[in-house]
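Remarks on the structure that follows.
All chains are identified by letter, namely A, B and C, in their written order; residue positions are counted from 1 within each chain.
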Amino acid sequence: MSAPATPRVVAVLDGTCVGVDRRARALAGFLRDGLRIGKDAGAAAEAVTLAFYADSGARDSLVELAPTRDVRLIRAPEFRPDLMSGALTAFEAGGGAELFVFPGGPLGAELAARLAVRSAGSALTDVQGAAAGPAGLVCRRAVYSNHLTGRFELRARPWCITLDAGWYDARIEPASEHSVRADVELSAEESSAAAALRHVELLEPPETGDLEAAKFLIVAGRGAGSRGGVERIAAAAARMGAAFGVTRPVAMNAWAPAGRQIGVSGTRAAPVVCLVAGASGAPAFLWGVERAGFIAAVDTDEHAAIVHEADAAVVDDAVAVVEALADIVARERQS
Amino acid sequence: MSLSREAIVEGLRRIVGPDAVVTDERVLVESSVDNFRKLQNIFDVHTMPVPAAVALPGDAAQVAELLRFASDNGVAVIPRTGGTATEGGLESAVPDSVIIDGSMMNKIISVDPYNMQATCQCGVPLQALEDRVREHGLTTGHSPQSKPVAHMGGLVATRSIGQFSTLYGGIEDMVVGLEAVFPGGEIARIKNVPRRAAGPDIRHVVIGNEGALCFISEVTVKLFPYFPENNTFLGWTLKDMATGFAVLREVMVNGYKPSVARVYDPGDAGLHFSHFAAEDDCVLLFMAEGAAGIAKATADGIQAIVDKHPECTQVPSEYIETWFNDLCWDASKITAEDERIRQTRNVNRTTEISADWGSINDIYQTAKARIIAEIPDVTMMGGHSSHSYINGTNMYFNYFFNVVGVGPEEETEKYYLPIIGIICEETLRRGGSIVHHHGMGKARAPWVKDEYGSSYYILETLKKSFDPDGIMNPGTIIPL
Amino acid sequence: MDQLRIVVGFKVTPDYEALRPADWARAGDDAADGPEASPGGRPGGPETRFVRRILGVFDEAALELALRLRDARAERGLQTSLAAFSVAGRVADSFLKTLLALGYERAARVEAGAALDFAPGATAALVAGGAQRLGGDVLLLGSRCGPGDSGVVPFLVAEALGRPCLTQVTEIAPADRGRLRVTFTADAGPVRAIVSTPCVLAVGNAVVSMLRVPTLKDRLATREQPVVAFSAADLGVDVTEELDREPAALVGLETIDRGRAGVIVGGATPADKARALYETHLRARLERL
């Protein structure tokens, strides 16, 4: 059985709307770490970026962001997935491309799905990893509402996949030189699909609270002992550059403002690092932090539920330990 | 004679310290209601009098001082721990009440496996106590749906009952001794003995008093061995509630003690069992537990009884087991329900009563028919029996209605109280009790004299003797 | 053209959230007592026979949005007809009857005669067939649903029908001349646009996400109204062929280990413990932020 042929990979980058950096980094991360051919990751020798742009002023920066050396540019108006689909279909019909990779998001899903139908290929969204094998491309993605991981075999080429948003992120290595071909100008001519969308307005995105967005979060529970104890933990959090939240009992005792509440009655956070100090770990609260990457707990009660729900736990007084930790972290931050 | 809010707050601060007195507006408004008027919190529309403060005593001595202060100054007091009450027991009926919140008194004092008893303060969550005794291979046997959030003080104050009561009994069967604080500042400790005949059983003055007589500061409960590996589930579908009640009766009269014994009518079954029950099916289910021999004999005995009823069709036990494992109030379920109410204005309410075997089906049929005919905007009307005795059972009416044409604060007047009225009327007419386990609260207090008849004299005398100044949770059990 | 015809395609799914961690732990191929693969080699997945069925969360939103759109158009004196269908067996009937009680004029199920999990191609063929049979200017769908959560079915349907498709739709309101003002979440963020028909709208995290509840009287009034059943053959779809053609096949399922270790960090004093916690567990993680 011969080694699988290196597939010609096309990374599709939409530069017509904001967020290009993030999308380019996802593509770069996947090409470097997520795609295996034979035993090697990142061995996609023949890869090209197909980049769409709307504004000629954005061309150069778009090229800089491209995750591959070869870049094809296509000028397209904003909010015209129909024109982009047409361009991709024509490109595919030209032959040679086996794998189309799109970043995560609604546009990628639309382009991948429609391209797969028009080219009699396969589509799969939210891919977390892909390996080219004898039967086709084997991909992994979350299924059953992220309770399990599914392995899928994509049999018909071209393989049209979108990436799981947030799974891949890599710094773009600035290429010494990009090989650029500026191809097509897609005009905003009237087609039946174009007539479908009019008066398009970009709206203000909703405010994400600091608790929801926080990467490092410290939560104080009733084990802080008093309003003063809660305030000391809050001050320690600030010194560590962490966001500060509280459990419901603390809010109901008015030891902290209600807006700081974490849990079902408050905010659901998803920090990378979460420190829970003086909270026993009631289910209503745990739901608010269970998505955290790493949970450390401090509680005087080694039987408290939080100890079993944390990655690491310290059995001691919440205020004392958090303040000691703040001394250490603040010193490290300065150096 | 009555103090200003500021003076009340000052008095409380002097007793428990400023850190233990909450006067935050948001907290006080939310504390003005319990689940009886939950729509007020869900829709943020508040009409009940706002308490003056929430005080959080650290021990029974502080509770005593607080109650003496309240008695001396005519301040109404509402004892509270977990806050999961459903009948208005915790809502403020008069302005400037003080909520005495026992949740800081949250120590598990002792777990005694040899004497099969555990003692804890009133603010201990039942789930915490249960988790602790499980470490010894034991269980409290008490499992109301509110288990994850309710505290021991409130569970005793309301004569609560749990899902496994048919085996373990209600809270009144589980309490050994307790400590309670009375309005004059007396701290009364009832010691822990297995049984005694040294006069009337005074524990029953405290158990179920709903904060109308005293503040429960500490409880001791029995412990039971825990054999989850022997849990056995049984379930059937059938067409007729009368048959369901008849089967429950046979099981009880023959001396079996399954931990769970229930029959659901089609409306209520549709909420839980639509994946195996047809639209017009009732569902009959049991759980047997305990030592291996007991669990097996119980399950076999029930199987033999139901086998004599060909109109019952057995279902695989996995259906019952899966349903059962998902039963308790879960944090995210509560939030999801609140959001559903906010969006759809469709509200779920319950009213549960008890009666003897001869009356229960009649009460169920008549009340259900009247509600469907007389109350507007009803979207579901049903119920289930879940606590059976040798001499009768309960009926847990479960119903939904859309709130139409009125604000959320008028929901109780337009829908909930009229429905409660119909259920209470039909129950009293046939000699049943208007409340099986949720407590009278303030919601059913208007029916207290009908409920008690001539024995009201005993209740009234208790209230006058223990709470001469009328400061203990006014409006609860006995209306204002 | 005053009347707008709306068709909503919805999915009925097991309530996966009622399953417990132990059920998921047993559901992967790598589990000790995992499920047996089906004869075709397809992985078994979790046992869902014993949990209730619910509407997909985005499907439910789509059904309610359609009702609210009708209400909003009625306020402007405009007529709207509503039809709903599901590619499902009798399990969908209770939901279809509820929809009739809520004022949907037609409710139908499309019987595939085969399991369609992880088969978006076959699913889309049946959805497109059902939509065409019921005839609508606007087809509303949920943007994604388990077990596959692929999110591609709306686009595959749109390709088959030759229509534009917007996904992650969060609001729909009437606009002029029979058009709709649609708010959706694009890559750039929330967008609002005027949309002409025919179109496919796939609903995402809408603020309005829960279906209103019919009264017992509403149900009584529509009791005699039938739920229509179509077979795949009625719609000209060969399900076996579609399944054979399915280009992406599920070949394995793995469990995801989310357990937390619960390691106790020791030390003589709070400061010692804080130091140990930092060095062993926090330093590297905080540096990476």
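Details
One rule holds in what follows: a contact is a pair of C-beta atoms (placed from the backbone, for glycine too) under 8 Å apart; a residue touches a chain by one contact, two chains touch by 3 or more.
Being a predicted model, the structure only gives us computed values, none of them experimental.
On a Cα centroid basis, the chain most remote from chain A in this structure is B.
Here the chain pair with the top count of touching C-beta pairs is A-C. Put simply, the C-alpha centre of chain B and that of chain C have 38 angstrom between them. Annotation: 22 Å between the Cα-based centres of chain A and chain C. Centres computed as Cα averages put chain A at a distance of 46 Å from chain B.
The residues of chain B never reach two or more other chains; the list is empty.
Annotation for chain C: no residues touch 2 or more other chains.
Partner chain A is touched in their complex by these residues of chain B: 19, 22-24, 26-27, 30, 54, 56, 103, 125, 128, 131-132, 135, 148-149, 330-332, 334-335. Chain contact summary for the complex, chain A toward chain B: residues 226-228, 249, 251-255, 258, 263-265, 280, 282-287, 303, 305. Those residues of chain C lying in contact with chain A across their complex are 16-17, 19, 24, 27-28, 43, 45-46, 118, 146-152, 155-156, 158-159, 164-165, 167-168, 179, 183-196, 199, 247-256, 260-265, 267, 270-271, 273-275, 277-278, 280-283, 285-286, 288-289.
Interface residues of chain A facing chain C in the complex, by the touch rule stated above, are 14, 17-19, 23, 79, 82, 105-110, 112-114, 116-118, 121-126, 138, 140, 142-156, 193, 195-206, 215-216, 272-273, 293-296, 302, 307-317, 320-322, 324-325, 327-329, 332. Residues of chain C touching chain B in their complex: 18, 20, 49-53, 91, 94, 208-216.
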